[in-house]
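Structures given as structure tokens follow.
The two complexes that follow have subunit A in common; it is paired with subunit B in the first and with subunit C in the second.
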Partner chain A sequence: MSSVTSPDQTDAIARLREAFTTALELAPDADHEALAYRETPAWDSVAHMQLIVAIEGTFDVMLETEEVLALSSFPEARNILRKHGIAF
Partner chain B sequence: MSDRVVCVTGATRGIGAASAEHFVRDGATVFVAGRDAGACEATASRLSAIGPGTAIALTLDAADSASIAEAFRTIFARTKRLDVLVNNAGVMPSGLLGALDRAAIDSAFAVNTTGAILCLQSAMRLMQRARHGAIINVSSVLASHGVAGRTAYAASKAALEAATRTAAAECAPWGIRVNAVAPGWIDTDLVAAYTAEEQDAIRARVPMARVGRPEEVARAIGFLAGDAASYITGVVLPVDGGYVP
Partner chain C sequence: MNLNPMRSVADQVLALRNMPVEGSIVDLVPYSHDHHDAIIALRNTERASYFLLQREPLTVEKQTRWFDGVLARRDDVQWTIMRKDGVIVGATALYGIAEDRSRAEKGRLVIDESRSREAPYTLEAELLLLDIAFGMFGIQRVETSVRHDNGVMQSINTRLGFVHTHSHDNSGVEYYLSSLSADQYQPAALRAVVDAWARRAQRPTRNANSPADSAITLAR
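== the complex of A and B ==
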């Protein structure tokens, strides 16, 4: 059975990519799926807070402190945002 | 302040209530936060009747991290922003050092330090979105000046002052200012619990020779919250009538 991605889901992924790109000052062709907190050079603790603010602003959500600490990759960001009702 | 959203913890009495009233009179939308939901509702109703700002009751137990998180989720859901936090909730356990039990020490730090830092953290995260905000922690002259019988309270407030200075440095790049006031002898329930001997001893050390009023502290808090203090962060402002230790 193949999965179908809706336009809203595609838009959400694009907006999440944009939040990462802007907050971490990534190149447009960066491999977002490979990003890792404290491993990707641009993703240090200061950039992490920039990223959290960017994600919260983009999706109009307020993350819990535990989620701020757990958000360590692009896939994990998707998982956390799903809990806030964002479809990917 | 007419377009500002303010949260005052411990807002149902004393300095907290006076601060909430100050901001409502200044036109702000004020979350009146406290443990007792009924008292918060009553205070919010009273302040909204004064206006021109609006007061909103908010249940927040500063000793309970889940309650703090829920309260700030409520602020986000209601207003999507926060411009000012007055971190006022506090307890004042007393007892001479030799008879000070662990529960009293834990209580002081749970509310006056840990709870205040958690509120500061949540407020900062809401303020980061706008890259603007002011946080005022309510400390005490006892953080700097020793009075017998207040070891746990004084230590917890001194820790809060250290947190104020550190948070100020961290928050400054976000346009968020973090300051504290250190009230001296103010006419509140907490100080009413002082013994007569303690009150006499304190009065003798206040050059202005009178008890301060909660609204006098509220005005200092209002100053630190406002644009008049736009280049002030990381300070502890005494509001103590010139208290001399």
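== the complex of A and C ==
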């Protein structure tokens, strides 16, 4: 079965990548799918706070505390944002 | 209480030991014997013991002796990091404050790992401490020493503007020394993160009965 990614979905992924890249000060060619809290050295607790602010600003959402704690990887960020109506 | 920089470092240290420093998310509360149990629990975790080179478990007796030593010095301020609801989430310190204000060291930072992603406790505690160092004491350079394999703390220090200067041996373990000068301290972007978090939720005052002039509120 094939899947089709809409322009909106592509844009959302690009914006999420940008939020991660900026907050974690990543290289442009970083493998976002492999990012993991505390396993990626740049993803420390301070960067995590910057990341949450960046994601909330980018997607105009307010994450719940449980979501802030659960956001520990790039795929998990997508899952959380889907619950807020963001299509990926 | 007067924290005028014209006063001696010792006088300023003594003043800081008698009042909390208020932040938006956390306060830096002067460490006291009442905090031993909470801080010992944080210090005795495997992670904290490893990175702080603590080779045997802390006890109340050891902590009491150590803190009495801190109190006997006049160049050392030890704080408990406390949430606005009174929950202790960590500890930090500014010490080795030179009488000529040329340098000081920050360290002894420990944060409750189970709460470190709840809110920017570490970030605000670090900013408050650096504001005190540069703003109140007029310190020219703050240094910090981090175990060579503590990538997370090195990353945080880099975000704060610290630059690695050299390595040194601490009881057979390599530590990286980093330094931040007053003119390189640019906290605005990080402070904006704390401010954004502060706007997320209404938080009760830690102690509504505290007189307003008994705490320091740093300009932000």
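Here is the rule we go by: the second predicted complex is superposed on the first by the 88 of 88 C-alpha atoms of A that agree within 3 Å, B and C clash if a C-alpha of one lies under 4 Å from a C-alpha of the other, contacts with A are read in each partner's own complex, and residues count from 1 in each chain.
Operating definition for what follows: a residue touches a chain if its C-beta (ideal position, glycine included) is under 8 Å from a C-beta of that chain, and two chains touch if they have at least 3 such contacts.
Here the structure is a predicted model, which is why all the values come from computation and not from measurement.
Judged by the number of subunit A residues each one touches, C leads among subunit B and subunit C.
In the superposed pair of complexes, A:Ala30 makes contact with neither subunit B nor subunit C.
Residue contacts after overlaying the shared chain place A:Ile13 against neither subunit B nor subunit C. Legend: residue contacts after superposition of the two complexes on their common chain; A:Thr65 is shown touching both subunit B and subunit C.
Once chain A of one complex is fitted onto chain A of the other, the partner contacts of A:Pro41 are limited to subunit C, with no touch recorded for subunit B. After overlaying the two complexes on the shared chain, residue contacts for A:Met49 are found with subunit B and with subunit C alike. The contact surfaces that subunit B and subunit C form on subunit A in the two complexes overlap at residues 49, 52-53, 56, 62, 65, 68. Listing the residues of subunit A that touch subunit C in their complex gives 25, 37-38, 41-42, 44-50, 52-53, 56, 62, 65, 68-69. The residues of subunit C lying in touch with subunit A in their complex are 111, 116-123, 126, 151-156, 159, 190, 192-194, 196-197, 200. Interface residues of subunit B facing subunit A in the complex, by the touch rule stated above, are 69, 72-73, 76, 80, 121, 125-126, 128-129. Residues 49, 52-53, 56-57, 60, 62, 64-65, 68 of subunit A are the ones touching subunit B in the complex.
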